[in-house]
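Got some structures for you, see below.
The following pair of complexes shares a single chain, chain A, combined with chain B in the former and chain C in the latter.
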Partner chain A sequence: MQSAWDAQGHSAEVLKHLMLGIIGVCTLIWLLVVLMLFAALVKRRGQAPLQGEHAERKTRLVVYLSVAVTTIIVAGLTLASFFATRDLVVGRDMDLTVRIKGQQWWWQVTYEGSSFGPRFQTANELHIPVGRNVRLELESIDVIHSFWVPSLAGKQDMIPGRMNVLTLRAERPGVYRGQCAEFCGLQHSHMALMVVAQDDDQYRRWAQAQALDAAVPDDTEVQAGRAVFMRKPCAACHTVRGTEAQGSSGPDLTHVGGRRTIAAGLLETTRGSLAAWTADPQTLKPGTNMPIVPLTSEELQQVSAYMETLK
Partner chain B sequence: MTGVDRISPDVLDLDLQDAEVERHLSRTWGTSPGFWGAIATVDHKVIARRYIATAFVFLILGGLLALAMRLQLARPESRLIDPDRYNQIFTMHGTNMMFLFAVPVMGAMAIYLVPLMVGTRNVAFPRLNAFSYWIFLIGGSLLWLSFALDAAPDVGWFAYVPLSGPQYSPGKRTDLWAQMITFTEVSALAIAIEVVVTVFKQRAPGMSLDRIPVLVWAMVVMSFQVIMAMPSIMFASTTLILDRLVGTQFYNPAEGGDALLWQHLFWFFGHPEVYIIFLPAVGMVSSMLPTFVGRPIFGYLALVMALITTGILSFGLWVHHMFVVGLPRMGESFFTASSMAIAVPAGIQIFCWLATLWLGRPVFRVPLLFIIGFIVTFVMGGMTGVMVASVPFDTQVHDTYFVVAHFHYVLVGGAVFPLLGAIYYWFPKMTGRMMSETLGRWAFGLIFVGFHLTFFPMHILGLQGMPRRIYTYQPELPWSGLNLFISISSLILALGFLVFFVDVLRSWRHGLPAGPNPWGASTLEWATPSPPPPYNFLRIPVVQDRNPLRPEDKELPVAAGLRVDRRELLVTSVVEALPEARESSPQNSIWPFWAALATSFMLVWSIFSPWAVVWGAIPVAVALIAWFWPKGTPEDEA
Partner chain C sequence: MVGPVQRSVRLISAYAACAAAIGLAAGIGWMREPRQYRTDPAVSHDLENFRLMKNGIGGAPPDVYFALGKPYETTAYDLSQGKRLYSWFGCAACHGTGEGGKGPSFIDGWWLYGPSMVSIVASIRDGRPHGMPAFRDRMTTDEIGQLAGYIKALGAYAATNSAPSRNDDKHSRPAENRAPAAALFEQGPVPMHPDQGPSP
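Moving on, here comes the complex of A and B:
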């Protein structure tokens, strides 16, 4: 799931150990301070307050010591976090490079060509091979977003005009949720991303399938849906590779039916959710850049059937 | 001055009996009755009381916004509040609490307490003080007016570009935010300058630097921080307005601008801002604590040094708000070290308070309860502060509810708890009436318990991956239970504040009479009646040690030789506080009010047209000329 404690990647595991260590030390200090506080509160009940040089001397020594210990602990924690940062580095060799572009309010994901397969583009779902070093090149085309999949690694901002790099290495297969962590406007809350970690073979098969153009439908309803898609404004914003739909302001839909969720983690992908989303995106995700496209109910059925087959 | 004054010889207080001095001073320093008299007054106590009351009204409004957010977040995918409104609400909550509550209320406490604690008759630049309040009131009201009109800023209290830039935030909402910042900058800067000059030049004779109450030191450090931090936000907000209004490109990466520049400028101000709020609280605790343990503060020098160190270090930590923007690792390590280092002066303060408690005999009155609650809570916030100071740790909790929990522990636990204690402590001085001990205990208990039940679970939510500033979350995420728990707990916290406000209102009218020094405290503000007369002290006290009112039967020596027929202050030297001159203090004037109105008019108009700066400057100039019109007062006498 989406939790720093559920560490399934190299970085997240290093961070989890560091965090447990620091939290342990800090909890202990807090307990000591509170203990001292309550000891001080009950100690001198009914006695006169102490004043003067003599009374203060011993206390002063304790205060000096406490400050010294504070300094040492603080220095220790600084070093610990410095070494943890060094441990985050997994080496120079990258097995795969993926460019992720944040935008209001979804993720464009472009896989560079690698030993696993050629270059291709998807959206809102990132597949990575387990145990491999994956270099993420993080960019933004509009406002600042932040890429964060807590089970795999700490977050990294996506800043327009810059490129940040984050290395992921998943240690175990699984589906890990991530979510934009920098306030990016109206639908910051609904800008999630699924990371699917699979073994090499599964990943290779998946990547090679993704690189293919969309299948040509043979079912008549689906064919009708495809026609609606091309005739209506859909194609102006979305790409379906292998068709005349070459828009680029919305997510690439070539294999949308094969993704786990639609609208950046908003809904599980089913024919029903595809239809609901297409019919009224502004109710499901108020402010999203996808407009309401007037469709008859028949057209809606056909388009969602078409979307569902784009696996 | 009128001609009559020039003919008649100076009326000095050393020739007169107490009753006659009182009669003269009341007439010289008093506030005229009626509406215009109230508008024109420059009495620091009257202005500070208004300031405090206004800031607390903003606290209530900001608290209601918090409750609205908790209502929305109590259930997943709740549709009570739409995202646009929610973004306005959290932006307003942050902006309001930082700029309209926390900073002004601390400044206001300084304006009330500092002149009394250093033994003078008014702040330096009292008309500027009046101006500052009007600017603050108008700026705050405008922001809330925009919220009432559903046109409040919606880009967060930090207004990161490019989201707050012209392309992604069209309309006037962000301009309003940026201009509201200008209002609060002006009012905070005015207070800062008044405090610095009052403390350095108007202290009672004999109050050398090592005899200044810790609270006054804290206010001085805070004021210097304001003076140094505000130019940064001033530049930031001005350039943002320029980007939005006249098409400059400071923050547009496509035209050679830089999105990160904003963050550096904002946090170079924003991090000291946290200490601008916290250090006065340190001062309050240090000045209240001795009263409730029956002995002077332990480690006066260490506390003062810790205050100054914190003030300086606070300018070297801003990057820890930017640990995930992709900075070079060397720089990150430096800022980890500097952020961790501030734990050392904070530790010194905590240990000094513990030592004071250890050596003293605690008397469990309401202010002490708030101090105890403060130590428990603030140390916890300090610990999570150490956590987020570590870059790798921060990458997992940055911009999550963990950070929301952290800074509420530091700001509410670290500043609001001491402030509430301070209200209980100084309310008798301000109003002449005690607050209720029973209601105070209830308020403390409910606020303390409600606070921890509300904010502690947020640490867990953050570690479970819940980001900040989301208006809703999906039901399949494991956050619903804790969020509901938090929302219910927040009602306990709200109830605690309700009890506090009921107590304030009730005690204001019906509290028991307090007398000049109800707590048996040792600082100068308790050497004068409650509430203090307009001239503060009948005769200027002379200070011989750090605790001028200890032991309690000690006779407080006084200085004489000031005129009673015109407003006169004693100016003393910076280090030793040796008397240097008699300085005239400005009369009441209506013009600071008109100047504030004219300035506000210009600032608001400038949101709509750059020409406002040109034409709007005319009424400002007229008001300022009238404000500073020479009165023919004779030169001050050395």
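Moving on, here comes the complex of A and C:
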């Protein structure tokens, strides 16, 4: 599960240090206050309180000092926060640009062409090369979502009608889970995203493979599955590049079998889960915009076989 | 001076008012239209049996449609889904936001094939001559019902309480539940094609 303490990217590390600093300072102050309070409680009574000119001067000194110390601490934390925020924008040179569109309840991911690979579209899984600055252009097509991969960066809202930019830079390879962080409706909790950070070579290979059209099936069951997919309403909402399925309202399924999860992190990708999802999305993720498409059991078998081969 | 009796009467009536308010809120919550996300496949199958008249205008919905309380026309959730489908399936390309364009308007107060749910479902499902494509293979029965309900609401002459979600962009007409057709009524239908539909 994701955590901001498990910082694996530049921005996340900056934010972690800021959090540690603020928590440290505040803990120290709290301990001092409690200590003073305790000392006052256990102090023996009976002595006459100080009075006169001397007491006045002493009280004034204490007030001056505490105002000064408070001002310095608050200013210090503000400055620390300011420099940390400024440091979040890593570098000016971007190696890669990815456009992410949040929608109820999945992520459409479009890679812009660059020296790292061609232009292509995928969904719910973001691959990035380690140690590179990746510019994310965040948009939404329906309601406000928020892009949050705690191990790599802070949150950034995705607002309909405008574009927010966030820079990701993973320092170490790994798979980092992200999650929509702005309540966006029924299935907000099932709107997850996987970020896979890999080295340049692996990333390039992945990107080249993603840009290819879907594999042409040679198995008869898979061919039958493809025919069902094209004949039924599936093709009206989903794209499988290289076929007549060109719908754009659902996730691009050209390489769905190669993704780690389906339905935005709901289930691991297996033939069984693909079949279960196709058969009854409204039970697995009530309210999702994928309808129950009536299929016979044979058609379901064929479609799931086809989906599984789309690696 | 406020006596002890008056004070306790005041206290009791304050408690009673609070309890009544909470009870009212709970009651309204209870009466809220339940959302139906998953139409049972058997019901869905039955909903396909809209019987259309020979001339393609009007007919009878299946009994299950009435048993469910005409879901697509009355529940705000279905109307909202219909509104989403309206943009998903590109209706706006020909019909605009309801005012028409290449295709007929939904809000001029005229229906080429009548305003009944059956006609609208049939238009979407099977298509109509002169350009309306069939969505039989592209949408499920449930989706066609939702879209038809939304279009019916657009062309309604009377305002209703069930409303789909609001537009984010500029409004080009009154909101769906405020009967745009009643305000934007045209004296005669905008002619689309000489052989299409009845003329006044």
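As a working rule, the second predicted complex is superposed on the first by the 288 of 311 C-alpha atoms of A that agree within 3 Å, B and C clash if a C-alpha of one lies under 4 Å from a C-alpha of the other, contacts with A are read in each partner's own complex, and residues count from 1 in each chain.
Here is the rule we go by: a contact is a pair of C-beta atoms (placed from the backbone, for glycine too) under 8 Å apart; a residue touches a chain by one contact, two chains touch by 3 or more.
All values reported here derive from a predicted model rather than from experimental measurement.
> Label the relationship between chain B and chain C on chain A in the superposed model as either fit or clash.
Clash.
> Taking the superposition as given, does A:Arg119 touch the first partner, chain B, the second, chain C, both, or neither?
A:Arg119 sits against neither chain B nor chain C.
> After superposing on the shared chain, does chain C or chain B touch more chain A residues?
The larger set of chain A residues in touch belongs to B.
> Quick one: classify A:Pro160 as touching chain B (first), chain C (second), both or neither.
The answer is both, since A:Pro160 touches chain B and chain C.
> Looking at the overlay, does A:Ser189 come into contact with chain B only (first), chain C only (second), both, or neither?
first
> Quick one: classify A:Ala4 as touching chain B (first), chain C (second), both or neither.
first
> Taking the superposition on A as described, I'd like to know which of chain B and chain C A:Arg172 touches: first, second, both or neither.
Touch status of A:Arg172: no partner.
> Tell me the contact category for A:Gly287 with respect to chain B and chain C: first, second, both or neither.
After superposing on A, A:Gly287 lies in contact with both chain B and chain C.
> Running through the overlay: 55-63, 109-117, 145-153 or 505-513 are the candidate stretches of chain B; which one clashes with chain C?
145-153
> Name the residues of chain A shared by its contacts with chain B and its contacts with chain C.
Dual-contact residues (chain A): 160-161, 186, 286-287.
> List the residues on chain B that touch chain A in their complex, please.
Per the touch definition, chain B meets chain A at residues 82-84, 87, 155-156, 160, 162-163, 167-168, 253-254, 258-260, 293-296, 298-299, 302, 324-326, 329, 332-333, 336-337, 340-341, 343-344, 347-348, 350-352, 354-355, 357-362, 372, 375-376, 379-380, 383-384, 386-387, 390-400, 463-465, 467-474, 477-478.
> Quick one: in the complex, what on chain A touches chain B?
1-5, 12, 14-15, 18-19, 22-23, 26-27, 29-30, 33-34, 36-37, 39-41, 43-51, 55-56, 59-60, 62-63, 66-67, 70-71, 74-75, 77-78, 80-82, 84-85, 88, 104, 142-144, 146, 148, 150, 153-157, 159-162, 164-165, 177, 179-189, 192, 265-266, 286-287
> What residues on chain A touch chain C, complex-wise?
That would be residues 160-161, 186, 231-233, 235-237, 249, 280, 282-283, 286-287, 289, 291-294 of chain A.
> Under the definition above, what is the set of chain C residues touching chain A in their complex?
Against chain A, the touching part of chain C is residues 35, 37-39, 41, 44-45, 81, 84, 88-89, 135, 137-140, 142-143, 168.
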